[in-house]
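Below, each structure is written out as structure tokens.
Common to both upcoming complexes is chain A, partnered first by chain B, then by chain C.
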Partner chain A sequence: MANTLQTTSPTYAPKTNKQFGLRLRSRRSSRQLAFYAMISPWLIGFLLLGVIPLIVGLLASFTNYDGLNVDAFKWLGMRNYSRVFQDSEALYAFQRTMLWSALNVPIWLILSFTLALILNQGIRARGFFRTLFYLPSIIPAVGAVWAWRLLLDPNNGVVNAIISIFRPGTAVMWTTDYALQSLTMIAVWQGAGVGMVIFLAGLQGIPRELEEAAFLDGATTLQSFRHITIPLMTPVIFFQLVLAIIGSLQQFALPMLLAGGRMGSVPPRAAYFFVVHVMRQIFTFSRFGYGLALLWMLFVVVVVLTIIVFGSSRFWVHYEVDIAGDK
Partner chain B sequence: MKEKLPNRDHLSRRAFMRLAGISAAGSVLVACAAPAAPAQPAPAANAGAAAPAAAGVNIDYMMNDAELTDKEIEQFQGENAGIKITRIVPDATKYFAALAAGTPPDILRLQAPEFPLLLARKIPLNLQSFIDTSSVIKVDDLASANNYYRSSGGALDIGAGDVYGMVKDWSPDETIWANLDAIEEAGLPAPSLTEPMTYEDVKAYGEKLLKMNGDRVAQRGFDTNMPWVERFWTVWLEGQDSSLFTKDFKKMDLVENEKAKAAVKYHYDLAASKVSSSPISPSPSWPGQDFANGELAIVQYGFWFSGGVTLWANDKIKPKIDAGRIVMLPSPTWQGVRRGPTITATGSIVTGVTKHPNEAYKVFEWYNAKEPALNRAASGWGVPGLKSMFDKIPKEGTYRSQVWSVLEKEMTFADTTVKFNPYLQGGEPGVVASLFIQFYEQALKGEMTFDELLQKLESETNVAIQDGIDRIGA
Partner chain C sequence: MAALTPTVRTPQAQRDRTSKRLRTSISYLILYGTALVISVPVIWMILSSLKAEPEFIQYPPIVIPNPVRWDNYFHALTWIPYFKYTWNSTFLATIFSLFTVFTSSMVGFAFARLDAPGKGKLFGIVVSLLMVPGIVTIIPQFVIFAKIGLTNTYWPWFLWGIAASPFHVFLFRQFFTSIPKELEDAAEVDGATPFRIFWQIFLPNAKPALATSFILNFVGVWGDWLAPVIYLDDVKTTLAVKLATPTYVNPGDPSGHILVTLTLAAAVIYTIPPVIMFFIAQRNIMEGVVTTGLK
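Entry: the complex of A and B
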């Protein structure tokens, strides 16, 4: 046996290495093949339904295409983009959208995080409250806003009726004079449940032993929250923040529903958001090209804001793994 | 000391967050996508008289399900083997996307103010040769409202000439509806059921019928469908040989046009005094429902509302309908001119790029002159598009006989075809009404004067007109 091994080993060893290399390469390429095969349905869909329309959308934003003038549309160069800065309504709508985002995002984040913190405690009927807080999220926006419109109606709404008990005849214009605040309330009411569930998942991922060690070292609940819970939750807060900013800048359905929900509805002035303006340019004024240019401008704003948030993350987002190793 | 090696096999939190952020940003990017590049519309194929149906032809009909029922479709398909009707619920996004893809619906639902722009773009199929040889539809039998779908040349020559479409039904849209009990409770004289009021009379009624409870509106006096305001102004001004636009429709004529200013001021004043709903006194619903709930005393919605009010009335209003206390009144007069045309004239056209013009016309003819048209005529939701079907309009009972007595006379004032701007989208609301709704809140709240509102309306409309001209290449 030993002889055989000795005689065969000089020729066998290099062959084994080669075969091993081939097998490794073959395994790697089959893994790659499997990877591409698995992502191909999504990739094909993304190319056909995402990338190609995006390119067409980008090209159309340089034209005066209106949905009907297929045979007569003109190439306008950057004119649609420069028009944005002369469109006082676009600038007003952008300002309202930023204001709404500044109001909506922090309130939503704080409230959903607070709800998650409460439900993460060993309180009674935790499941019941979790369902209760999540419930508004499963109500379709159309029904939810309709119900809120009835509640907030200045003349027959429940809110003003309650106020009228103390000051008869009160008719606060919740849906027009306080449209921004009302929309924030509706959005937070409807979205807090989703945010809460994600925060709850994050909270439940915090290692128990860290908190126990802190308590053994004499930390108070507040100190534990400040130095353990918050830092470990920052990646989740960061993730929620990015999504909330993007979602707020894109808000369209709520103001339209508040205005009646018809295609030609015009929301109250206070809730005249950027995407509402875009929708009006496209469907009321048939300015497809200009509307698309507005959307690309919004995209640039979203990207810039996202980069800023990402850039800031190194100062406040805590990662459990060694980031140096990831670099 | 162990060296920490970068682990590329697992996704770090940071990498995950980065990917999540990129994915989320990507969703915004997708929102920027446009419909696919539009195809060149084929020249309209006017294939003459309706020929026997080819086997397995599908006709896409863009129409609401209540206006073209499954039962009617089944009935047609049962009698016309080889033609299938696919109903597509009207949706602007879907329509533009289909048009861009070169596959618009074969038959399209629209309203009269939308037709000039579509004709300017050569989208409708000229149906004249089909009508000429039809044994079902005769030009002489077409009710006046169909003139909105006729043209003797281009988009500026609408009112007579070749037939491009038909109304599914129509209504003298300026007729008003009054709650006589509300008027009596306010101590006001009952309005005449036969003689029209002036618009100023209606406003005066509205002001006296407005009931306030502190700052809250307990009952509104008079309201209308705001998306129609520019159509009302168009009718009123044509009655005074004036217009919202210059003769060639290439500019708005508002700021220097006293007649046009007065028309706009009318609706503005109604809103400012809270007689009508507006951003300073919003309705939780829409004026028709407010009237049907007994929260509004007079509403302007035209004859079609005769069907609606019976359907939407609450328990308080329903008995009033049966007792003849909810009545339809003649269209009010503007500056003494009596007119009562339709301003909606909802109907349909066959698209010029249809691959099956004969079958599309067969469906169009069936829908507008056979069973579905008869069903609509008998429903009381609109005046039929064919004069020969006028006798099908319901006239029995206290309520219906009162409505008919007004309608019959009103139809004699309904033969005017007003002109709509072919450079502007004429939906509901159209461009002018939409801009008015967008900006009048600022004027009502004192953030701009009425004159500034008019200037804003004119300048923004002129930009929209210029865009329209550029796009058509006129």
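Entry: the complex of A and C
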């Protein structure tokens, strides 16, 4: 793929005219130079703000670094890493994070896909619904969490008030005991519109003829959905799934905002996520080395999960090249 | 046509029509249900921001505030140096967005329109960066910035801006790839440098992409709570942090009880700029999101 991109020689170069050819060659090298010059802000930024911090972070994760102890600096080898497995809080936080991802990602995926499917039919006021559903993603997380806190408040929240109509005296602790469910609600509320817009564009990219041909062959709506719409949408679903898993495993802001929005705030136990635990090690207890080791463990988990999803894609992701063939 | 009519009334067709009608009603049910769940939190927040504090804590909750406390909004703006924090937010969001839109569009242009050895691999890095969990670099970056004395300054936002953002590089690359080649050919014959072609021909033709990118970045920094809470102290911080933390309290109150209705009024004002920006460039924003989302 890369090769085809790189071979663009000027077709109008007359080979006989040496002088002209020379000028063209120098122009080409100056264009190459321009390429490197123009991508340099990103490349330098990538090295200085990406690669170097990663290396520094990796090195520090093998030490007892606490932010200040440059004189008493010690190389601990794998000790920070083996400590993770004795840290019951870390294991608990990891378990909560996995549970959160298992709850949040599928609900988000199914809801945004369903909304896209519905809007892809000839629905009245489609533009209005699309805009309305997208709107929460524009609202800053701080505002969104405030809005939901009002509804979910155990004492004077609207949700408990509504439930109390049927079961008087209900006082469910939504923001503490059920924080995981509440955060899922907030996250899906914020993210469904973005997913919907992306899936909708994907659906509109499906050639109409395919569905029409299926109907002429006597396929039912459900059959054409299962054998045409879903397969053709799998590349989009796949990409969104990968991004959603990666994003949800590093969730930090939502539980913190729910807990009071300070760096030292401690989220409720139900929403004690892995990155929350990491940040507490670093910013509350100054255990930089250990915190970074935790982060690298998370990184490994993210990479492994991504590889698993990529590996599984062989069995369910349908790439468009296949349409060109006869089956 | 008339001959066909009786055949339409077969049991099969009947069933098809019923199932279609059922599907349509379920569709509308989901649509209106979602619309309700989407709008209730926002509406409730606005209503609550107009209540008096004692009315707000009443249970069961009162829907329509009576009397309507418009002065909550006045107090929200004057209780704390609201405009100072607004300025902090605006400054950071603008600086970051201007830089990152400029560099991302330039990098995107280079990937779309120029060729050089290694381009494919470099673009591969951009794409894979879309999938690197950012949290892994945030902490070591903070350690480094702290060591060179850039914490509690706005410098990190400048530097992050200059470094461009993979998502927006991707956005601009897609956009510039779709521009016809003839546009630059003429300029090239005139001997214009690639940078001039980018600056004088491509950028002026990229206004929708520029607006989308600027707004998405601006809204991102405006709403970001993590970076300011890590980097900035209480004076330099942004509205996002001020509104997330207990800011609106009675000076004489030892319990530090939050004045929720004032906070809500402040949060409503804080939410307005991103929403306005979204409505200005709505279609372009959604298209931009689609570009980065469909791959």
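Throughout what follows, the second predicted complex is superposed on the first by the 283 of 327 C-alpha atoms of A that agree within 3 Å, B and C clash if a C-alpha of one lies under 4 Å from a C-alpha of the other, contacts with A are read in each partner's own complex, and residues count from 1 in each chain.
The definition used in the following text is that a residue touches a chain if its C-beta (ideal position, glycine included) is under 8 Å from a C-beta of that chain, and two chains touch if they have at least 3 such contacts.
None of the values given here were measured: they were computed from a predicted structure.
Per the definitions stated earlier, placing chain B and chain C onto a shared chain A by superposition produces a clash between them.
Using the contact criterion defined above for the overlaid structures, shared-chain residue A:L135 touches chain C, although it does not reach chain B.
In the superposition on chain A, A:S82 makes contact with neither chain B nor chain C. Of the two partner chains, neither chain B nor chain C is touched by A:Q95.
Legend: residue contacts after superposition of the two complexes on their common chain; A:S26 is shown touching neither chain B nor chain C. After overlaying the two complexes on the shared chain, residue contacts for A:M263 are found with chain B and with chain C alike. More residues of chain A lie in touch with C than with the remaining chain of the pair chain B and chain C. Of the two partner chains, chain C is the only one touched by A:Y36; chain B is not.
Using the contact criterion defined above for the overlaid structures, shared-chain residue A:W296 touches chain B and also reaches chain C. Look at A:Q223: by the touch rule set out above, it reaches neither chain B nor chain C. With both structures placed on the common chain, the touch criterion links A:F310 to chain B but leaves chain C unconnected. Once both structures are laid onto chain A, the chain B stretch out of 6-14, 42-50, 78-86 or 96-104 that overlaps chain C is 96-104.
Note: residues 50, 52-54, 56-57, 60, 67, 150, 155-157, 164, 235, 239, 242-243, 246, 249-250, 260, 263, 275, 283, 288, 292, 295-296, 298-299, 302, 306 of chain A belong to the chain B contact set and to the chain C contact set alike, using the contact criterion stated above.
Residues of chain B that touch chain A in their complex: 4-7, 12-15, 17-18, 20-21, 24-41, 92-93, 96, 99-100, 117-118, 121, 123, 212-218, 227, 279-282, 284, 286, 295, 425, 427-429, 431, 434, 437-438, 441-442, 464, 467-468, 470-473. Within the complex, the chain C residues that touch chain A are 19-20, 23-24, 27-28, 30-31, 34-35, 37-42, 44-45, 48, 56-61, 103-104, 106-107, 109-111, 114-117, 119-122, 125-126, 129-131, 133-137, 139-141, 143-144, 146, 159-160, 162-164, 169, 193-195, 198, 219, 222-223, 225-226, 229-230, 240-241, 243-246, 263-264, 267-268, 270-271, 274-275, 277-278, 282, 286, 289-290, 293-295. Every residue of chain A that touches chain C in the complex is listed here, in rising order: 1-3, 5-6, 8, 30-32, 34-39, 41-46, 48-50, 52-54, 56-57, 60, 67, 111, 114-115, 118-119, 121, 123, 129-136, 138-148, 150-151, 155-158, 161, 164, 189, 192-194, 197-198, 201-202, 205, 221, 235-236, 239-240, 242-243, 246, 249-250, 252-253, 256-257, 260-263, 275, 278, 282-283, 288, 291-292, 295-296, 298-299, 302, 306. Residues of chain A that touch chain B in their complex: 50, 52-54, 56-58, 60-61, 64-74, 89, 149-150, 153-157, 160, 164, 168-171, 173, 175-176, 235, 238-239, 242-243, 246, 249-250, 260, 263-264, 266, 268-269, 272, 275, 280, 283-288, 292, 295-296, 298-299, 302-303, 306, 309-310, 313, 317, 319-327.
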